[in-house]
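Labels A, B, C and D are assigned to the chains in the order they are written; within every chain, residues are numbered from 1.
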């Protein structure tokens, strides 16, 4: 079918000259195609661009010399207000984009015109504690699009028409379970986590049968009575300990292993009633994709009290370290440290701060933080770096095999952390304040920057400073470019080697989504989302 | 280019002198001499929406690209026609907010949002705003809840705030006021809610009411009262909800009036129902009626005559005349002598089935009532209820002598109903205009940009669009006409031939009038789609 | 500093989540008669309602606006009622705006409770009485031409912040510290910045807005200067400087009276 | 409205409510109970809603919701459910003309919702056939190849899940006998609701190629068609010689000769039973 598509593309290209119509093959994506997504960069088949979630594109039509000619080709505007964080999937001429709170729209990538739209029927008393009612994208496998709804359902839609194929409940929204992440489609399985960690629940990650939605396995991220690690939770705090799995992870097909980050222990800012390391919160989990068994874990922030989830998308790559070829998983953590781990064993290889932090002296040989004294929130407010929103949050970093650099949109900001109730009442999620809160160090005292780190060491190669906040992921291309944006509406391109700004445009509202790129009819496009609009750029 | 910018700054610096008024009346009078600015709703006092800028031409239009965008933060529909004054753009956002934007970079400079009472449901109109007026150092904003507010153009500070009407009586305002010499003229909307139409003129300095002209009699002795059977003039109507024009030499204000009340049930109001669905010419100093011309006597299809009147000079039958042209919602294009109101020409510019034609005086010769009057089961009549054109502005080019209008061809089933109206509409209006419409045959309604010979109304060319477009038109000295289709394709046509030259899909309906301006000597074209303001320029 | 300053500060200097780009003078409010008590649910709120509103705020709003409403992802809400009014706040909670999602899970009464709590944000609460005479203070205010730069209600200039409700958010002590040396601690949004263009041209003014690529300054005349940062040689803050002159020369009584007057400005509440 | 119709309406409304109701847990959330719950729809509430609709909504949506300046909303009730309609009235729709009606109190909104739920809700009339037999015919005729009921079935033709309340038995029979004769309005994208759906277009390209497809979407410069194989065709009009609809044509075969009148009667009975029992 892929071959067929190439033939079509060829035909289309020829067609362009002759002035022919442009035809989309029936949308259909095999596991094998996602597996080798690098070999057909025209599409963007999975949330992270590939299973390693590198957000790197082999497309190079747009390059350092011509990027300054980029031109807006079409715009699609959402029909409702809300916060727009969707990372589109592009397959065979169709772009699947999700609108807040949970609407999937299929767009014709050639013209920007919608071809179908599906909206979840949501409960009127929808509960979203500590997160926006939005959605970050879909997964596609075969001729089916998979979306996880804000009220915690997983729904399979016909990729051609948006007709519902099946619908299963992942969690109880009346208990504050809510999902914003894009599911991950692997061989015959749909992997999806859940959010709502401020609501006082026990985190888990599920695998569902892509055909019928049957649940294949569930892994709880917090051990229960009798399981190892339960003793890292004082009393019965493990029952409501959070450790949600709210952002999309990565997958290594050879090791058949999923890599998924976990969120904060609950309540966030008051650890008094949950003394101990609180496993497996704020950790990276390596999970057997067939059984859902945990192979290993690495906890970035033991007994975390600043809402520094470890949910940042992990990036997989192979590199030679000390003359040894290593399979690596790297993560720029919300806690301001960059970590390099062996993804076979979970062994800590390297780690260092990539943003200002005042909570740890550093990491020990095993990668455990050596904490400073008095870093916990107080009733009066305790100034700590980074802020609650973290050095990076849910937005994706990228990795370029060409440069060997890891590109992260970094936030330089501190916050006064306040302490509240030590316990939470899971029966009443709407009252959960997370056990405290924060006041940001705002204004000129804060800034954001796109930073390029040596992927194996975390040493900073360059940075591009932005004024104000930024909630955008980075996109790396074989054209030697990094695309990113700021919250003031500037969407821009940087030189991947030097960080030099090469192009920018003012889109008029905060950009809060991971950029992607695709090609159709032989032309490369870059997608930026600002405010309530999808904006698509290409060369003239 | 930098030089140009510094000149701009020097200007600004001079502006710091207390005596200097930023936009004195003289600048408005000579607005055509500074095409880099867009100083009033209609572009000039003749509402021609003609831009003297010529950097963008049929030859280079294909290179147009988005220079910057600004997204309004709320919901609602953006119908604002911005002003651009010395590098600063003043745009309004729903319901009645004003934002000042750096016209070079798109960065907002200040924002003003009046407090709108919550217990308010505007009837028969969107809670939006179509623009502000500028005079001296102030901007003038008419709010959805019937206040006229003077804002300091530098910072959005309220200078004065006066109430024009009471929303409880059905009044609501979306139009841009019109600034004259020391005066601000503004009308009212709300015909479906029983508003009794009038046009008001305020002192620009302190908001004092200078005059008010009621378009419909308020007592049996008032002029026109005898054209409303059984004292039905008390129903009201004849609102003045869209911005009019002004002739400084004649010192006349020209304003269109809306439908009689109730809209679709005329039984209780037999007669011509003056001065509804008319053009009124008022003395700008006194507000006295100089002349009127009624387009649709005893109107029963909600075909307001509120379309912007365009003023121009032309030679008709060998005689140079001051003319007023109006493409009416009722599908006829009219040319009047604006000194006397004399009818000169009238021809259909879109499909219509309600009149055989116009008589020598321009009065419609209507089809038999049973063919055109709303009925319980619905009567199919062309044009639709929204009209052959609605509030969006046509434009006129003194270069081509053409009148460009976004024309709608389509019909609707007009349904007659009972009129029930509750004065306090805070919880939704019950009943409304005594009926309404069902859409005509599916897929029939289309819109086209039509170029008419301004003096005769004869069609020179047309550009057909798909769908129901609600976009005004702009014509430039560069020889381009800008408009957009219902899907949000913003496009440029050759003003001479109508040939499409360039388009870009903006992703949501374009429901406002495009304008053009220049900063640092660079020409920009601006229009809004959905909730986003897009600004285009050459690379 | 007044609510409006902090509001603007939050957005101007650290625009989060597409917060409405409100600039200082956005606080200009229409002097409309407050709605009659009957259709004003806020006036009927009890202390219990306010407490309930606070609880709801902590769970549903604090995530973005900070638990004290001082803003983080969402804008600073202190004094927002001066701009939007109760109905405006209600509408935003009910419908959302920009990035803010509509809150459908609260009934009208709950929303009004939240509005009631939001109104209290930024209030300094009971502040010690100023010792001077407000009436005499007004004379000092007028005599010193404060109105050239500052507006109270609809009268006065727009160079400095609006003072309409400054008495609600500022204790007298603040004025005693501020008036003699305004440059020491200018409110966010009023820092002086000096920019030098490549060609040597210089402009010094209040920084209205700055992002990664552009900066806009406002001069004493209230005029705007917009710059493409790549065309500038330097952009330097002028610490300690402000366009506002020092009033340290006022007599103690005049100062007391002026402070008393400013403290008495609480808006139309 | 006829008693018969009212009963069907009520049943339908309740069915929808049942579909969309969440397991309510009053304890779950004392600090913030949902906005006032949906009172049971009554003929009175529907009538009251109709009155408010006439004044407040009809200006854009037409006196019967079939659209004017705003979209055709007949049948949105089935798609959005009462909560969805409520939320749309309360929250409006960005970039469209639909304002957020915050001024309306909860009860008034619910009355409008009750009325809107009845729009596009055809009084199907009394089907004379046997639904059971009809179901068998539906299956033996392989209708599911192109049509979906619930999650089951194909996607080339309209979703039939609610067809029983959207179409009268007359029009159903009409369509089965002559599918191209009286095509329904587009039930796909809301922005297409004013247009006839499933119209077959014939496109002649400048390069001589020609093909057919159903119109999915169209604007002044482009048209999107779905062909009989379900493939999407994205067409720039400047590449096109001629785009023209083929009146009377449909990808759906006629069952006039394939089925006996009695069988069609049964099939119609089955189809008209769909939507309410769901």
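Everything that follows uses one rule, which is that contacts are C-beta pairs under 8 Å (C-beta built on N, C-alpha and C of every residue); 3 or more make two chains touch, one makes a residue touch a chain.
Remember, it's a predicted structure, so these values are computed and weren't measured experimentally.
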Other chains in touch with both chain B and chain D: A, C
Pair joined by the larger number of C-beta contacts - C-D, A-D: A-D
Rounded Å distance, chain A centre to chain B centre (Cα mean): 47
Computed distance of Cα centres, chain C from chain B, in Å: 36
Chain B: positions in contact with at least two other chains: 71, 73-75, 105, 107, 118-119, 426, 487-488, 505, 508, 529-531
Interface hub residues of chain D, defined as touching at least two other chains: 29, 31-35, 87, 91-96, 100, 102, 105, 219, 221
Sites on chain A at which at least two other chains make contact: 77, 80-81, 111, 113, 124-125, 127, 430-431, 489, 506, 509, 531-532
Chain C contact footprint on chain A (complex, rising order): 81-83, 100-101, 124-134, 198, 387-389, 415, 418, 430-434, 436-440, 442-444, 446, 465-469, 471, 486-490, 492, 504, 506, 509-510, 512, 531
Sites on chain D touched by chain B in the complex: 51-52, 54-56, 58-59, 62-64, 66-69, 72, 91-97, 99-105, 108, 112, 185, 194-196, 199, 218-221
Complex contact set, residues of chain C against chain D: 52, 55-56, 59-60, 90-91, 94-96, 102, 104-108, 110
List of chain B residues in touch with chain A within their complex: 63, 65-66, 68-71, 73-75, 105-107, 487-488, 504-508, 529-533, 539
Residue ranges of chain D touching chain C (in the complex, touch as defined): 29, 31-36, 87, 90-92, 100, 102, 105-106
